[in-house]
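In the two complexes that follow, subunit A is the common piece, with subunit B as its partner first and subunit C second.
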Partner chain A sequence: MGLAILLIGTRKGLMITRSTDDRQTWAVDDFQFLNQEVYSVALDTRQDPPRIFAGVGTGHWGPLLTYSDDLGKSWTEPEEPPIGFPQGSDASVDRVWQIQPATDQQPDVVYAGVEPHALFRSDDRGQSFALVEGLWEHPDRPKWTPGGGGACLHTVLPHPTNPDDVLVAMSAAGVYRTRDGGATWHPANRGIQAAFLPEDQRFPEFGQCVHKVAFHPDKPQRLFAQNHFGVYRSEDRGDSWTPIESGLPSNFGFALVAHPHRPETLYSFPLQADAERFPPEAKLRVYRTEDAGANWEPISKGLPADPYYAAVLRDAMVADRGDPAGVYFGTRLGEVYASRDDGDSWSLIASHLPDILSVRVAEIA
Partner chain B sequence: MNRALVIGVTGAAATLLAACSASATTTTPTPTAATTLAPTSTPVATIAPTATPTAVPAAVDLSGSWTGQYSGAFNGHFTLTWTQSGATLNGTIVLSSPANTVHVTGNVGGTAITFGAVGGVSYTGSVSGNSMSGSYQVPGGGPGGTWSASKS
Partner chain C sequence: MTSRLLLPAALRRYAGEEAEVEIRGGTLGEALDDLAVRLPQLERRLRDEQGQLRPHVLMFVNGVSVRSGSPMETPVGDGCEVFVAPAVSGGRS
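Up next, the complex of A and B:
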């Protein structure tokens, strides 16, 4: 692996780190957007030069979606907001939760998931975004409710070979899928329990509080979902789901990451409970399955043995495309741990940071 | 269409350690950011001037409600409500997108106005009769834009 860039979005800014020695050591490049939350970051390597995106919350004026073509040395200063609801709309973008470049087939397409529940699409590689009206006008929308973090569209998963097939996940609206490029959307939550609803209403068509959905590009029909109480797998791209939480110490959590090369391998970071958002038994451990959720193993080699009372948020765990894969997670205590051996062992690579909200990594040619 | 904005770079305060290494001190820092070192020369004592500064009287009374808009990296409209005491302004700004009401304080001297809020929010501009306009800047060196308002 050549130059690896690790982006760490925090409550108080964006840290850019880089490694030139196959991820053995990491050097801090910059700490940017000081005192501003960075909920979403992305590294778009589909074109040269690579482009870093950041969804920055300024507080007073709301969110900014900006990008850098020089690996963070400078950022675009847009002459008008690149993302926003159409004129005449009463809605405003409160936060950019997710920035997701589309596949190589659409090198100029970038998606952004925002709060309130909405999806935006850029066809000019992030210079301007347009609201995906089909989802915004969905008849289910009036019944969507916010999750604990807000009414966020936090996950966008374009199909790797079919650009018209895109899946999104929203808290607490559930998973929705389009097969016609965004014109129409259908809920994809059958089998997922909404444990917070009355007992006789726990399997609604939509309204689940999904926290994260992941999949392996070589097997796009297979999805994994971490929900607000429940971990699930789908073998039909969301048409139906079955629980895979047996073997995990808790079915609550946020982060879920697929291995870059092994479709059966998935990483999870369970939390004790909804009201106890720290690792089960306060032991900092990542859980890994190598058989698509049939069995789980805790992996803690190199992680602190002392009690650990902090969570890993939904976008604060990620894997690179190295072989063996690098896996990274940042905690709300401002620490980043990395593995360069598929998760077998871990090391602390950054500490004393603000609350970590998002982590992304990529190799730069 | 987009201008390049160079964000101010500071020395990172984080502790950076080696990944998967037995040693926790094998960091290979290769910072690209310029580091500003504190001057080592002996500081020269300065004596505060004894002259009493002359206050610049406010030439206008901005008290009341102003409506306006802001554009640039962010856009929307706002309502400013000022109470003026001498050159000092106190009030609120109600922003449209996202909906946000913030206490603001400022000063007016001659035709120049500055105001801001907690968190480094800053607006500067000038007043001319029943209108005012200027620019705003996002804290930390982020992008900004322009604003204008007229008395309601």
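Up next, the complex of A and C:
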């Protein structure tokens, strides 16, 4: 692996780290966007130069969606507002939760998921975004409720070969899928329990509090979902889901990451419970399945043995494309741990940061 | 109808590091519309895309807060000072 870039978005700024020795050591750049939350980051390597995106909360002054074409040395915010609801829509963007470049077939397409629940699409590589009206006008939307973190569209999963097929996940509205490029959307939550609802209403068509959805690009029909109580797998791209939480110490958590090369392998970071958001038994552990959720094993070699009372948020765990794969997670204690052997062992690569909201990684050619 | 928009340090980078800029219009809304043409990145730090003052932005016209009522209808004009400040809010993070 040549130059690897790891982006660490925190509650109070962005850290960019680089590795030139096959991910053995990481050099840290200056801390950027001081005192501003960096909820979303993305590394778009589909074109040269690669583009870094950051969704920044500027506190009093509203959200900012900005990008850098020189790996973070300088940042560009377009003159025209890059993202915003149409005038008269009675909504304004509170936070950019997710920035997701589309597939290689659409090198100029970038998606952004925001709060309140909405999806935006850029066809000019992030210069300007347009509201995806089909989702915004969905008849279910008035019934969508915010999760604890807000009314966020936090996950966007474009199909790797069919650009008309896009899946989004929203708290607490659930998973929705379009098969016609965003014109129409359908809830995709059958089999997912909303454990927080009255007992006779726990399998609604929508309204589940999905925390993260992941999939492997070689097997786009198979999805994995971490919900607010429940870990699930779908073999039909969201038409139906079955639980795969047996073997995990808890069915609560946020982060869920697919292995870059093995469709059967998935990484989870369980938390004790929704009212106890720290690692089960206060043991800092990642859980890995190598058979699509039939069995899970804790992996903790190199992680601290002392009790650990900090969570990992939904976008704070990620895998690179290396072989063996690198896996990275950042905690709310401001520490980043990395594995360069598929998760078999871990080392601390950054510490003493503000709590970590988002982590992304890519190899730069 | 030219007013002076006085900026806190955090916003001066959107105005060429100037501490104040001129805004033109008979109401605060018109003046900020004018600002949106000349310095769009500064204007969007003050108002959201619906033209509403951001929730934690304070503006004072000649020393009087405009948060209540219809802030954008506030008359401004020659000799007016429009003072911008971040509200004393937050503390959660």
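Here, the second predicted complex is superposed on the first by the 365 of 365 C-alpha atoms of A that agree within 3 Å, B and C clash if a C-alpha of one lies under 4 Å from a C-alpha of the other, contacts with A are read in each partner's own complex, and residues count from 1 in each chain.
One rule holds in what follows: contacts are C-beta pairs under 8 Å (C-beta built on N, C-alpha and C of every residue); 3 or more make two chains touch, one makes a residue touch a chain.
The model shown is predicted, which means the values in this text are computed figures rather than measured ones.
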item: Combined model on subunit A where subunit B meets subunit C, clash or fit; value: clash
item: Which of subunit B and subunit C A:Arg11 touches, first, second, both or neither; value: second
item: Residue contacts with subunit A in the superposition, subunit B compared against subunit C; value: B
item: Contacts of A:Trp61 with subunit B and subunit C, given as first, second, both or neither; value: both
item: Contacts of A:Thr76 with subunit B and subunit C, given as first, second, both or neither; value: first
item: Subunit B versus subunit C as contact partner of A:Asp29, first or second or both or neither; value: first
item: Which superposed partner A:Glu37 touches (first subunit B, second subunit C, both, neither); value: second
item: Partner chain in contact with A:Asp21 - subunit B first, subunit C second, else both or neither; value: first
item: First, second, both or neither for A:Ser339, with subunit B first and subunit C second; value: first
item: First (subunit B), second (subunit C), both or neither touched by A:Ser92; value: both
item: Touched partner set for A:Leu348, first subunit B, second subunit C, both or neither; value: first
item: Subunit B and subunit C contact sites that coincide on subunit A, given as residue numbers; value: 58-62, 77, 79-81, 84, 92-93
item: Subunit B residues touching subunit A - in the complex, by the definition given at the top; value: 1-10, 12-21, 24, 26-33, 70-76, 95-100, 102, 117, 119-121, 136, 138-143
item: Residue ranges of subunit C touching subunit A (in the complex, touch as defined); value: 10-11, 40-41, 44-46, 48-52, 54, 56-57, 86-87, 89-90, 93
item: Touching residues on subunit A, where the partner in the complex is subunit B; value: 13, 15, 17-21, 23-36, 56, 58-62, 64, 66, 73-81, 84, 92-94, 127, 302, 334, 338-341, 345-353
item: Complex contact set, residues of subunit A against subunit C; value: 11-12, 37, 58-62, 77, 79-81, 84-85, 87-93
